[in-house]
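Take a look at the structure below.
Just so it is clear, A, B, C and D label the chains in written order, and each chain counts residues from 1 on its own.
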Amino acid sequence: MNHEIDLSQYKIRTDLAVEAIEQVDDKTKIQKKSYEQDHIKVTTIQLDEKNATSIGKKPGNYITIEFQDISDYQNRENVKKVVVKQLQELLQICNIKEQDRGLIIGLGNKKSTPDALGPLTIEQILITNHLFILDTPKDGFRPVCALTPGVMGETGMETSDIIYSVIQTVKPNFVIAVDALASQAISRVNKTIQMSNTGIHPGSGIGNSRKEISQETLGIPVIAIGVPTVVDAVTVVSDTIQYLHKFYAFQKKFANSPMHKMIYNGQVNYLKKEVETNETEKKELFGILGNFNEEETKALIYEVLTPIGYNLMVTPKEIDFVMKNLSDVIGNAINQALHKKVTHL
Amino acid sequence: MNHEIDLSQYKIRTDLAVEAIEQVDDKTKIQKKSYEQDHIKVTTIQLDEKNATSIGKKPGNYITIEFQDISDYQNRENVKKVVVKQLQELLQICNIKEQDRGLIIGLGNKKSTPDALGPLTIEQILITNHLFILDTPKDGFRPVCALTPGVMGETGMETSDIIYSVIQTVKPNFVIAVDALASQAISRVNKTIQMSNTGIHPGSGIGNSRKEISQETLGIPVIAIGVPTVVDAVTVVSDTIQYLHKFYAFQKKFANSPMHKMIYNGQVNYLKKEVETNETEKKELFGILGNFNEEETKALIYEVLTPIGYNLMVTPKEIDFVMKNLSDVIGNAINQALHKKVTHL
Amino acid sequence: MNHEIDLSQYKIRTDLAVEAIEQVDDKTKIQKKSYEQDHIKVTTIQLDEKNATSIGKKPGNYITIEFQDISDYQNRENVKKVVVKQLQELLQICNIKEQDRGLIIGLGNKKSTPDALGPLTIEQILITNHLFILDTPKDGFRPVCALTPGVMGETGMETSDIIYSVIQTVKPNFVIAVDALASQAISRVNKTIQMSNTGIHPGSGIGNSRKEISQETLGIPVIAIGVPTVVDAVTVVSDTIQYLHKFYAFQKKFANSPMHKMIYNGQVNYLKKEVETNETEKKELFGILGNFNEEETKALIYEVLTPIGYNLMVTPKEIDFVMKNLSDVIGNAINQALHKKVTHL
Amino acid sequence: MNHEIDLSQYKIRTDLAVEAIEQVDDKTKIQKKSYEQDHIKVTTIQLDEKNATSIGKKPGNYITIEFQDISDYQNRENVKKVVVKQLQELLQICNIKEQDRGLIIGLGNKKSTPDALGPLTIEQILITNHLFILDTPKDGFRPVCALTPGVMGETGMETSDIIYSVIQTVKPNFVIAVDALASQAISRVNKTIQMSNTGIHPGSGIGNSRKEISQETLGIPVIAIGVPTVVDAVTVVSDTIQYLHKFYAFQKKFANSPMHKMIYNGQVNYLKKEVETNETEKKELFGILGNFNEEETKALIYEVLTPIGYNLMVTPKEIDFVMKNLSDVIGNAINQALHKKVTHL
């Protein structure tokens, strides 16, 4: 094997700020806070111009909400509560007023389940804008309208063109855009909601007509809400190699303790235990493969899977049910965060 | 009963030109041609400024295609063939060139079956516009894009605002808009396709912001394709009263002829027989009710049904299957009329 | 016109007991009670063998719940409450015990909106039977399973054959079957729920293999829940003729009173006022048509509309939204009536 | 790491006969033939009692059809043609006569896209059985009925119970059951159709009531048609490790040849080149990991991923479109194989 792998072939690109900053060398300069509540972890990152540039992200506020299985009703309600709270804080940071008109945009393809988060969320949104034209506004509600622009294959048009022109006609005071993302970690698929005030880049950008939808280009706050719903095979393999290393170190330390065996019987979540891993061990376990860091490993696997057509983007088998639950959580959280009178979780 | 019925309460309004001109006194001045082929009747009407005003329609070309049951495969293919031909003629009348970019708009509510003709048709449309951005155009195809703007209850926005703004961004050379209509005759429900080059007035027009989408307002041809899919209870009753009168006259003339009885056994389509009806007979049959002309009769039934909440807009029970067939016919006819290379019916 | 109309040509057949008993001459012998609550009218009829035979119905208990628009949330909840209560009473009458296993059957065609009430209701049913096989049963729940047998056009099989064979395998202690019905009155379409313990006759009964699903044939209680969702054009016309007569009598009595004009301005619901109508008036108003009673009128309209193909079965334009609400009401009411622990309306 | 892995923890179980026989030591005794046509590979395996037992399969005929991307129209038509031919041969092997009545069963959950192959296929099936009850049979057609039994979570009943009871009532002469499968190889996901005459074991088999649906239990031929639509993460990783080894060997042999570099530029499908791999190389490349054979590697990865909850069953992102194409191919192939008169591909 030729060891001079061209890493640029496999650009580590991620939609998630929490993943991006893991690649930064000096993390001390990044403002990051987190807390946990009902087994839900919330991380807020504030990127200034300099930090943002260094990780290829836009400056602004990023909020990441990590949770476990939301097919459970109680857990789903807990996540909804956290999303409402964080979204309200973000609305405040963006200086959005109580009566400001909002446009909610559901990005993605409604006919492709893993990409349908946006359109499915729009179906949950309480539409009120037209009532404000007809009647005197009711207390506790604000004008909200919604757009499902579709994807280029359905419309033949640049998605950003559609959004841009509708915004210029409807003149909302702010935008919230919901979209499905790709993840760089198995562990985050369908288990992370990211919110930010840094705008969106919808669609494919064919022909260079791609327009950013953001505060800079439109002069109004653009909040993005995203959930990673797919992961590529490269990531599945690369993550498993990391886990295998941790598992190996863990087993070496504990596996022969009779007490341990008695208690755990092989079913222990070793990721939650602090066990040091080291490079010698890695080479022992993986041979030449052990010489590569994570980025190089991914680049190698990419090089292996791509020419034979197996670097699939994959999604869990249960995606239909997951999308139903996620769009319920996000749609209802938006309704609650935007209208004072909507209080039922 | 107070015989002074205020007819303005029940404005006879129809989306179909063939229905509108039936109310005109001097029909000789209206340019109207028709032909029949494979049991499909095609009527073309050309309205000049003056004639158009007199019947409350816009001047321009109206083509009406009347057919029977299209759940039959062969009949469906025949109708498709006629729609292709007529649409091609209309494109020519509008001076639309072979390479002109078209925007197809599917009006209506995809969640309400009788109103879903537009959105369902869009699902059949061959989208090519984005391929023209990417590649060199292929011979025999033109750039086509599509929009499903939704209804105000879903979006909170004026439908005409959405359309208007997208047109201004995408800058098509012409528009084709597909919509479900209301009919003034049971006999036309799901059995008539009307095409015209006179533009559309989408949406509810709340707050006076309603915009006409037409050659006048946009400077490009706007072709409308509509099918009546609903009818109100007033029309069902009023039509039946007319049929009852014809049935009565028919029976009086033929019913006692033993030959007739032997042959038809009550199952004759008396509408296809020319039998004269007269006013005396009508009063004999219907009493006071027989004194009213069709417009007055409708106004009366409207007055009777409205206060008790029974002037329903109704649609045949089989509407799901009918919509599937109609959107197949119209969508594929548009594809064929717009692209030389699409020849499969 | 030949006045000797053969009434057998148009058999007045109705799925609703409240409609059927209106045709009985001596109503005093029929046990009938009714009450009203939150603008919902509940009528319970108990038919013995003799009364049942006279109106072509099966003996047993019939409960009719009549309500207004359930697109309103509060009204929907009120109706749900009444359905739960009446269904619980019916379960008691049928001697169904707290732990008895129930099979819920959703009759009809899920691809045809006005016929999809059964399949849509099944989607709301809490399925618990398999949990009772796996685990110890939880307090407050009973084993419930569900079947959507489809229609003959989808399966090629007699629907009653499918149901019969599944019942013999699963051996439930009772059956609840939900179906869409045809109505003999505009006023009842989508506004009446009928429940009875008299079984069902599913499907078309082609080839005489039709099997009744009832206590008699299976030895277990079979509860039927039905909602009229369609009406034929004959009924729309016939009902309107009755209303016209009442409207005429009402106008004659009140229309010239200045007070009346001032107050009602033509929008009065004259059906709620007691105004006598008489035969002379009817003939004056309708001429020869006025000589017919309701049954004869329907027979005549049937004779007029059928040969020309216009005796459509129709449904209101809003049927998609209505089906969503009705299946929500019935599905959740079944869940609550069957499981003690399900208390949320 | 404890090297004594308990392999029974990770039972290598596969639905595909072609995968199962790869695990057999002496393959010479198995009757296996294959041919290729239009880039479609067809393998037929005949398992006798003894061979079948050795690989945990049932004796009978297995036909495997392997193909590439069927989003391409022409390729889809080619696959359809092959499926028709092979299915006709299987019908002949099973001694099914031209007028025999068939029951087509669509297994799986219609609400979960990767599991919806069966229900989606049923929607394509030409239902004719009821026409044979009504009319004289038409030449060139046979009676066909169809069943979509649902899954236990929807019905609360054992799927095999539903099927069993319907078969006993309808008494078909043969059964064809369509289902989505799990694969043991990335390369086969959505790219393999297996047909066999060895029956099915539907459903979960809770409570030991699970019934096999086969010639043995029912006395009629039961043909199974399956497509692997999901794969587990263990397989993705294990397959990639194999590919990495082959890639390594391939690179060592060719990568430094300037000619090779010039021609392939890294995009060569090295799986199609015969390059020997060896054990020394494997240990050099993978260290300790290189000591394991495929089965042991899978067992290890299973042990690593399961306790942390990441052994997901995954499916490609495009699953909605793939299911549409696959159900079109299988449904129409069944129609053509069963009815002489259906000739359009």
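The working rule: a residue touches a chain if its C-beta (ideal position, glycine included) is under 8 Å from a C-beta of that chain, and two chains touch if they have at least 3 such contacts.
Since the structure is predicted, the reported quantities are computational estimates derived from the model, not experimental observations.
Chains making contact with chain B as well as with chain C: none in this assembly.
In summary, the pair chain A and chain B forms a contact in which both copies contribute largely the same residue numbers, shared numbers making up over half of all those used.
Centre-to-centre spacing of chain A and chain C amounts to 49 Å, using the average Cα coordinate of each chain.
Inter-chain spacing, taken between the CA centroids of chain A and chain D, is 34 Å.
Chain pairs that touch, as defined above: A-B, A-D, B-C, C-D.
On chain C, the positions that touch chain B within their shared complex are 1-2, 9, 111-115, 186-187, 189, 230, 233, 236-237, 239-241, 243-244, 247-248, 251-252, 255-256, 266-271, 283-290, 300-301, 303-310, 312-321. Residues 127-130, 133-134, 143-148, 150, 152-157, 161-162, 164-166, 168-170, 206-207, 209 of chain D touch chain C in their complex.
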